[in-house]
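To keep things simple, chains are lettered A, B, C and D as they appear, and every chain counts its residues starting from 1.
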Amino acid sequence: MKKLIGEPGAVVADALVGIEAALPQVRVDHQNRVVLRATPKDEGKVALVSGGGSGHEPLHGGFVGFGMLDAACAGEVFTSPTPDQVLAATTAVDRGAGVVHIVKNYTGDVMNFEMAAELAEGASVASVLVHDDVAVEDSTYTAGRRGVGLTVLMEKIAGAAAEEGRPLDEVVRVAEKVSAQGRSMGVALTSGTVPAAGRPTFDLPDDEMEVGVGIHGEPGRHREKLAPAPRIAEMLVEPVLADLPSGGEPVIAMLNGMGGSPLLELYLMYGEVAKLLEKAGVPVARTLVGNYITSLDMAGCSLTLLRADDELLRLWDAPVETPGLRWGR
Amino acid sequence: MKKLIGEPGAVVADALVGIEAALPQVRVDHQNRVVLRATPKDEGKVALVSGGGSGHEPLHGGFVGFGMLDAACAGEVFTSPTPDQVLAATTAVDRGAGVVHIVKNYTGDVMNFEMAAELAEGASVASVLVHDDVAVEDSTYTAGRRGVGLTVLMEKIAGAAAEEGRPLDEVVRVAEKVSAQGRSMGVALTSGTVPAAGRPTFDLPDDEMEVGVGIHGEPGRHREKLAPAPRIAEMLVEPVLADLPSGGEPVIAMLNGMGGSPLLELYLMYGEVAKLLEKAGVPVARTLVGNYITSLDMAGCSLTLLRADDELLRLWDAPVETPGLRWGR
Amino acid sequence: MAADITALTRWVALFRDRIAAEQERLTALDSAIGDADHGANMARGTMAAAANVAETRPQTVAEFGKAVGMALVSSIGGASGPLYGTFFLRFGTAGDGLDELDGPALARALRAGLDGVVSRGRAEPGEKTMIDALAPAVAAFEAEAGDVAAAAAAAARAARAGSDATEALVARRGRASYLGERSAGHLDPGSVSSALLFEALADALTEERA
Amino acid sequence: MAADITALTRWVALFRDRIAAEQERLTALDSAIGDADHGANMARGTMAAAANVAETRPQTVAEFGKAVGMALVSSIGGASGPLYGTFFLRFGTAGDGLDELDGPALARALRAGLDGVVSRGRAEPGEKTMIDALAPAVAAFEAEAGDVAAAAAAAARAARAGSDATEALVARRGRASYLGERSAGHLDPGSVSSALLFEALADALTEERA
């Protein structure tokens, strides 16, 4: 394992020290491992809390700031945060207008956020689930689709709605709309290595890739021979479009790196994706290419598409000032 | 080789297609492989051209935009662009006030930009060299220090000076000040893989690291056993401070990822660096942590420190709107 | 014969020790069909739980359940934190103000714990989760509840058998469910840690008798 | 006997072929002390140069030098682009409006090319660059300039010997200089491609005679 770390068990705590030192716009509650805005949002506005396992940076801590999250709870690497952490975050950011929990659909995340909401007497807490990964069948007999790339878009758009001063149910409605209108799919060329485990989570032969991989290295639809970029783009675009609500609206497209693939390759991949979207007659209104929700040092990428009506586009364009996403101020 | 690419020889051309599709704020001259601002800067302002081998993204193409570069020339992977490319870029962006070439100190880059400047009759062209890498001895008997991380800071700061409307010699003065006041040092845990080569540029045993590595995988000061993050931080901070002009000014600090290391680790590393800087009594005025000048999928990081007086800090804080660096608008 | 606080305390310490001994194996199992953290999660949790019990010295079953449950919930995260945490919190509530549990009372507490896991995780038997070890274990305990040590030994055997049987199953809950049919052919890691939970209980109560 | 445009054209084609055959080796050498692109750079450049000559059909040495030099400069990038490009541009300028070069004229053109490389790269002999193959090659050619084929053969031998001798040297110019003492023990890749340049010239002129 070749990593820039100290004690493997202390990676998250150590990284939070670095985050605090690096980012003047956030402060860190080290006891509870929560990243908070340095300047809390105005009284009377809805607050947004998210969080999850660490190892997906910039998600979630890198999206704390004006126009996006109020707090992010950092779990152990790839392990959801505990209810205490979520409770501490919720209590800290509640400005009297309620708190929205943005929860990626993993059993652990769902249960831990649920317990926190139960414990958060006083605050009115609403939860929104992200479950956008079309690699996994959505059925009542399973845990349902995983939450992946759409989380970034939901945090941005719901964050903008909250920053505008919309009430709790309105922020939830917008977030649910994002959830309903967005889908994702990923592919891995190599496995990431969890520091505490010390070796790659999965073995992938030198000439194979995992199609439909999860952001924790969970297996996807199938493995197949490594293919050239145009073919990989098809493997992402087709299933996402097949499951994406149809309609005339344009999409917000995110071509996300899993952490170990150079930006050069991500741009190249997006070029292939753009060709396919054009061929399919899907207009692209906004684009994001880069590492936004990663899986440590996994090589690979994911595609997220969100059908965005005027309301979502306007909220997308609203100012945001976070370490991971910034425009308009 | 596991890469998200098509034809290995066409990687740069293909990535430029993706860059154009992904980024509304730039346009691409595919013939000459030049990334340009979609909206040219005002007539009468000094223009900035940089460029170099591809594989360092977001550098340079990702730094084209308001407040930073006017054009970036994309060479083959790790190979400097040709004089034609630089000439095309120079001609395209000249707004009548002169053009500054920001050149990283590599023999190939220096000669190709020099030939372009010779060919650019009509335009008044000035060159500024970046040569900040303290891993390499600076002596009149060698090619001198390599240009690495400081390039990002120079492009930002000189870009701000040009955007303010300062004349050519003033922009050059500011850029030279950055060059004089900044130093860098990097470390690699793994080698990147050039697509056309198909295998890692260098072999590094599983328990070793290359201290003082270059951004093209050039060897550095020495190899040694992989060390924990606090020790690696010492290996970066000490030589940079030893060579950094002393003075009471604070520094702008960039902890840069080489492309293959997760952001989690980069934050962790910055935490260690911050402790050492504090111990050394060096105040940090501004910080940048992330992938800014990469070496394909190389795992590792580099540290850049720039002694910044009020002028440099003010120019650093000025608005910038590029895919890779954005604030203030 | 009954399980007093000393025995329950020993149970948690032995659970921690068994987890520590099997940590790598649990992680390996979770690598195959999950995310490779079950070993680390359970090690972190049981260490915190045993330490918390040692430190807070609970006097009643309710205090014991709370000390263990809260420590698990607030140190693990992931799926197993709320599940094992709820198990002990409900175990404690069922034991109420008692300072020891005879066979039937221990059976009731274990059943309450299991019910807590089911209501927290909404999984049913046969979905390849820890339920597939916990449910047969509690049933086996209830069947022999007259003798706590014998009942615990039977429960441990049933938990292990239930865990072994998860190998053939297709996961329908938790992270492994994303694998669909590909999850078959691997033991469920949570069922294995649950087998360790009941083996620790059996040991704790056997030593009690010795 | 003189080198006419046909012979010069063959020179460039043979240079391209030798580079293609040795591309992997050149890259491997550049991996050791550089950035692993010299093979690809030279392959790209010589293909473009040979194609440009075939397409533009130069009639004079000056046109030939420009066709080759501009193609190299505008297709290679890196250090070798301006260096080899300047070599051929100056070669052409020295040959001027001639349509063939006799021994002394060819020697003057080669010397002009070498001078161009020196003034472009500011390297001196012994600094572990292509100069260490080019300079002895040009000197050897000058010594036997009466017979172009014999002179070219001698130049090729001198280039190769000069290249071989770079192994012991410490690099002082170019990318390899960053290695300091560690650059010793490896051939300089650019000197190897320069040896190929003169070997191609020798072949081109030998075939001429045959």
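As a convention for this text, a contact is a pair of C-beta atoms (placed from the backbone, for glycine too) under 8 Å apart; a residue touches a chain by one contact, two chains touch by 3 or more.
Note that this is a predicted model, so its numbers are computed, not measured.
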Chains adjacent to chain B and to chain D under the stated definition are none
In terms of CA centroids, furthest away from chain C sits chain D
Separation of the C-alpha centres, chain A versus chain B, in whole Å, is 29
Taking each chain's centre as the mean of its CA atoms, chain B sits from chain C at a distance in Å of 54
Per the C-alpha means, the centres of chain C and chain D lie apart by a whole-Å value of 76
Residues of chain D that touch two or more other chains sit at none
Chain B residues touching 2+ other chains are 77
Contact graph of the chains (line, ring, star, complete, other): line
In contact, pair by pair, are chains A-B, A-C, B-D
Chain A partner, complex, touching residues on chain C are 27, 31, 34-37, 40-41, 44, 73-83, 85, 120-121, 172-175, 177-180, 182
Listed in rising order, the residues of chain B that touch chain D in the complex are 53, 75-85, 106-108, 111-112, 114-115, 135-137, 141-143, 146, 194, 196-197, 201-202, 214, 216-220
The chain A residues in contact with chain B across the complex are 2-7, 11-12, 14-24, 54-55, 57-58, 62, 77, 189-190, 192, 206, 209, 226, 228-230, 232, 255, 259-272, 274, 287, 289, 291, 294, 296-297, 299-301, 321, 326-329
